[in-house]
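First the structure, then my questions, so here it is.
Order of writing sets the labels: A, B, C and D. Residues in every chain begin at 1.
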Amino acid sequence: MNKKEIRVALIGAGRIGKLHGDNILAQFPGVKLAGVASVPMEAALEWTRQKGIERVTEDYRELVNDPEIDAVLICSSTDTHAEIIIEAAKAGKHIFCEKPIASSVPRIVEALEAANKAGVKLQVGFNRRFDPHFAKAQEMVKDGKIGDLHLLRITSRDPEAPPVEYVKVSGGMFLDMTIHDFDMARFLSGSEVEEVYASGAVLVDPAIGEAGDIDTAVIQLKFANGAIGTIDNSRRAAYGYDQRIEAFGSKGQVAVANVPESNAVLSNGEAVVGEKPQYFFLERYQQSFIRELRDFFEAIEKDTPTPVTGQDGLEPVLIGLAAALSVKENRPVKLDEIRQQFGL
Amino acid sequence: MNKKEIRVALIGAGRIGKLHGDNILAQFPGVKLAGVASVPMEAALEWTRQKGIERVTEDYRELVNDPEIDAVLICSSTDTHAEIIIEAAKAGKHIFCEKPIASSVPRIVEALEAANKAGVKLQVGFNRRFDPHFAKAQEMVKDGKIGDLHLLRITSRDPEAPPVEYVKVSGGMFLDMTIHDFDMARFLSGSEVEEVYASGAVLVDPAIGEAGDIDTAVIQLKFANGAIGTIDNSRRAAYGYDQRIEAFGSKGQVAVANVPESNAVLSNGEAVVGEKPQYFFLERYQQSFIRELRDFFEAIEKDTPTPVTGQDGLEPVLIGLAAALSVKENRPVKLDEIRQQFGL
Amino acid sequence: MNKKEIRVALIGAGRIGKLHGDNILAQFPGVKLAGVASVPMEAALEWTRQKGIERVTEDYRELVNDPEIDAVLICSSTDTHAEIIIEAAKAGKHIFCEKPIASSVPRIVEALEAANKAGVKLQVGFNRRFDPHFAKAQEMVKDGKIGDLHLLRITSRDPEAPPVEYVKVSGGMFLDMTIHDFDMARFLSGSEVEEVYASGAVLVDPAIGEAGDIDTAVIQLKFANGAIGTIDNSRRAAYGYDQRIEAFGSKGQVAVANVPESNAVLSNGEAVVGEKPQYFFLERYQQSFIRELRDFFEAIEKDTPTPVTGQDGLEPVLIGLAAALSVKENRPVKLDEIRQQFGL
Amino acid sequence: MNKKEIRVALIGAGRIGKLHGDNILAQFPGVKLAGVASVPMEAALEWTRQKGIERVTEDYRELVNDPEIDAVLICSSTDTHAEIIIEAAKAGKHIFCEKPIASSVPRIVEALEAANKAGVKLQVGFNRRFDPHFAKAQEMVKDGKIGDLHLLRITSRDPEAPPVEYVKVSGGMFLDMTIHDFDMARFLSGSEVEEVYASGAVLVDPAIGEAGDIDTAVIQLKFANGAIGTIDNSRRAAYGYDQRIEAFGSKGQVAVANVPESNAVLSNGEAVVGEKPQYFFLERYQQSFIRELRDFFEAIEKDTPTPVTGQDGLEPVLIGLAAALSVKENRPVKLDEIRQQFGL
């Protein structure tokens, strides 16, 4: 195998940054983790030392502008994503960026234009598409196993509500949590969302309501292909992380159930007792984080489009804004209304 | 056991009438099937002869006004239900009436008032409440096993669309098919529906659309207790009768999956292959038809309220009208708007 | 339909006799329950009165010799079965006999010869063959869905051990309980058992051991077709009635899991909790009792062989004797050794 | 964390050796893969180069006797295991050895004595104990969740028979394949096997029979604690790798089903179709290979006993020999008979 090594810089070494870094070290012998940027630098040093990563800096621009670097993984805080994308694109680096690209639509558009103009690869971190279970279901839909899609259902419930302080700066549940489900809706249906009707409620924690957000929601979607979708969300499922999908069509249905912590089932004098679903995204989506990078690196190697494009990063934000407006005004909202608002 | 025998007249001996008649004969030794009314009479004769039922008439009034009769089971065509309820109430008979009571709200109200005034028992044939699986789930919800209800989901899909000729006179999918799900929504939530938003589509058979109806729908419900519900319907699921529910609350979730035709599972070189769900309501809800009668007869014997009251027969019709209006005008519709329309 | 009515006499009106009687009344309009024999007669009277059965006698011979009777259902105590079979055969009646035909092999052979000589139908009450789940599995095996059978596994565990007084007269666990599994082994494999190795233990209740019996066993079977089978038994499973089978072959496997009391599954902060298996044979095998009679009556109507022949009644007894000898001498026992013992 | 780094040498770089090596590199930052021995050396070079492993040799003694090395992982061919254990023990290295330690009982005993005398850790590679599903089941048994063990069942079927050339040198199915199940039987029961009765057959491939081996077997085990166990094996399950266990006791049962390739389930006009079990041990037992090393390294760090001792490496071989003798002579064989044969 004579493939050129891909040299990657990691920008941001928080939980998700370290996760990607560890995956690169463990899973991709042909990829070199050539540097890490962290502010403050100290936060990253124990990890980089332990993993033998030699180059660590506080200034991501050093890495972005280093001609030895081929690609950047942007895992810093959301408000820095667009800026780094624009700089990295100018420097001709391929870009993997954690979701969302930005909380402002014009800023996202700007970042996409920069990447587009520079002709670099851009992949957004919607990892759930790469979950082997969901990917298999999507493959079945795409292969016509269920015929034409009629109904789509996504259940997505977290095991614990985040701290209220986080909720306040999260951009709201739709942009923080449901955004993954909006992406899954587009991914599974192979179609665009045209209209949204959403109901929101504060049923988990009154403090979330006081912070101006909701913690429970049902979102109804109308797709361009005629199908109808439903997403239901809760910030807290007592039994843990509930991540299921169903796609129903003219020839049948494909469904994905939760993955239990183990397959051990106890039958006793009371009941038949199975284990709870895997607790949270680090367990449930472990494989998906590896596979999204695998496909990113493959897109670079083979010079093919990335599997989650910049546009895929923009659309869920637009759907999220439509959903928020729908809850606020209790009416169905067309995506076109949101697009026009931003001159898209 | 010295319980007085209950003497029942069956009015209408079509598919569902015969089903109830057979169940009475087979399951309730303390209940006497004392007469059958059928128009035309000939349609019932093979069955009544075979079952040794001696009294058959074309004129249901004969039975309604027979002092020997304690109760009537109304299984005739929908347009006759209200009239018979009113007459039976006047005659002091207890009444089990197949759903719906009528397609017109004022007519339903009139029938309920007649029964109420006469002080007779009235039970409406929402049999799914008596399905052992759903009844168990409802019991868990009622017993607080899932805490406060947050989300409710009902999936209800038929194996085959009815003939278009039937669709034309059915009153529309919401009143013909979803009405069961509206009842289940009230039953499972223990709460009233306050607002409805529904999306309808014609995805199964264009002829249904030409007949002015829909064949696919998602209905979102807001309950008085703050919970949000979703019903999804299709007139045709390729894999058969799909009847599932989920109730999610502050302490957990209860879910009921489909019942397969058998538990035999084949693992071969291709897949792990299970059987399809039980084909249609006669198989899937076999037990529920027996249990609803059991509880009706028990309400008579013990002089307790029936488990599905006249009001339970009215509410789903109001929800259905709200859903139809919601699809027509693509907006959420409050139940109060429908109630005011009828002065309720 | 001009089928002649089949007139049946029920001999023995204990639990299983009444069950068959009720099923005839409820399920078979073309069959007349023409008389019941019960010793003492009083034991049957409440039931026969309630069901409107007019003819009740203490002397089964009255019924056996009544030219109006076509068939007898023998549900009296085991020690009377052979005698009644012989008399009924002489009288030309078709015979459905509860298992086992007798506890003595020569007596069984005598009964079979009588029925055979008289040319009457004889069916033995191995009802599990008619369970829809197991019947489906057997059909798959017969249809070659798993190719050639290699391994067969039967799990059969009761929810509660019987009273020790019953154990003492039961003929031992192999002839009382496992006999159903021996029949299933022959039914599912479509082959004869040639050799048995069995391990028995007293793990549930020491009193059973003191009564000379075992309460836990694993029985290994070698079939004529080369397959190897395993049966495991316990007199007491804490979670209820455990009835499962697996057949594994060159092309795959078919398995039947337990049937839960309901499909309701609760997910809470502790676990994912399903219901226990249906409690005991009256629930689990409800359908099978109806279906075995259906096929018995059909064999009479169409003059075809019964689906469970007299020979099918003999073989499991021989296997049971081999198993008992195997436990006693801790060695594999060939069926031929048992046959020779009885000159078969 | 100031833990001393553990320096490990890998002896043998075939499939399983590389698997362990990769796991060390990816999962254990505190462990250094300090050298690899491979004969011929060339076979390992592509892998070691790719992974940046600098020290590679043909002579494992170099590594065994290097004072910088703390522990060796023996993954070379079975016939070399005992020799290397003895040398490594003399050199004071901790030892992880792939199963089996040797095919000759006296040789195993010799190796165990050497390790024992040297006071080094010795762990045998029975990885299935570390499978999260089976480990959870064992934990439940140990914690008394099922009460006293009565019945144990292990199903272990491979997706494909190995090449006949391999079969010829494998030591026979019991020592090559069932040995894992014998270990699981001891692990799950927490008890010793006292007697074995086994039936073997050639049903998959006649060539295996011609090579003097069997390809299908059922093995019955009597445990010291009174429980009865069953193992069933096939060299070829059409649907893939079938790895299940059940433990039944006085208070209930714990069972572990297969892990499907994905949770996606397709319902169509024919059936409800799930995916096959994960194909083979590399997928199914992926986690177990990591966890066995984790516990080995932990035993070194904390100076605690290893979770799979040398004795655990010997016992399954004795059970395998008893099973082989049982098939040969068609009789139950006590483990004591085998022990006496070797003066144990």
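We take it that a residue touches a chain if its C-beta (ideal position, glycine included) is under 8 Å from a C-beta of that chain, and two chains touch if they have at least 3 such contacts.
Predicted model only: the values in this text are computed from it and were never measured.
Chemist: If I rank B-D and A-B by number of C-beta contact pairs, which comes first?
Modeler: It is A-B, judged by the count of C-beta pairs in contact.
Chemist: Roughly how far is chain B from chain C, centre to centre by C-alpha average, rounded to an integer in Å?
Modeler: Between these chains, centre-to-centre, one finds 39 Å.
Chemist: Could you state the distance in Å from the CA-based centre of chain A to that of chain C?
Modeler: For chain A versus chain C, the centre distance works out to 58 Å.
Chemist: How far is the middle of chain B from the middle of chain D, if each middle is the mean of its Cα atoms, in Å?
Modeler: That pair's centroid distance is 58 Å.
Chemist: From the C-alpha centre of chain A to that of chain B, how far is it in Å?
Modeler: Whole-Å distance between the two chain centres: 43.
Chemist: Among all residues of chain A, which ones touch two or more of the remaining chains?
Modeler: 237-239, 242, 251-253, 267-269, 275
Chemist: Pick one for the touching-chains graph, please: line, ring, star, complete, other.
Modeler: Topology of the interface graph: complete, with all chain pairs in contact.
Chemist: Enumerate the contact residues on chain A facing chain B in the complex.
Modeler: On the chain A side, the touching residues are 147-148, 150-151, 153, 157, 197, 199, 201, 203-204, 216-218, 220, 222, 226-230, 232, 234, 236-239, 242, 248, 250-253, 330-332.
Chemist: Which stretch or stretches of chain B touch chain C in the complex?
Modeler: Residue positions touching the partner: 25-27, 29, 50-51, 132-133, 136-137, 140, 145-146, 251-259, 261-269, 275.
Chemist: In their shared complex, at which residues does chain A touch chain C?
Modeler: Contact set of chain A toward chain C: 237-239, 242, 260, 267-277.
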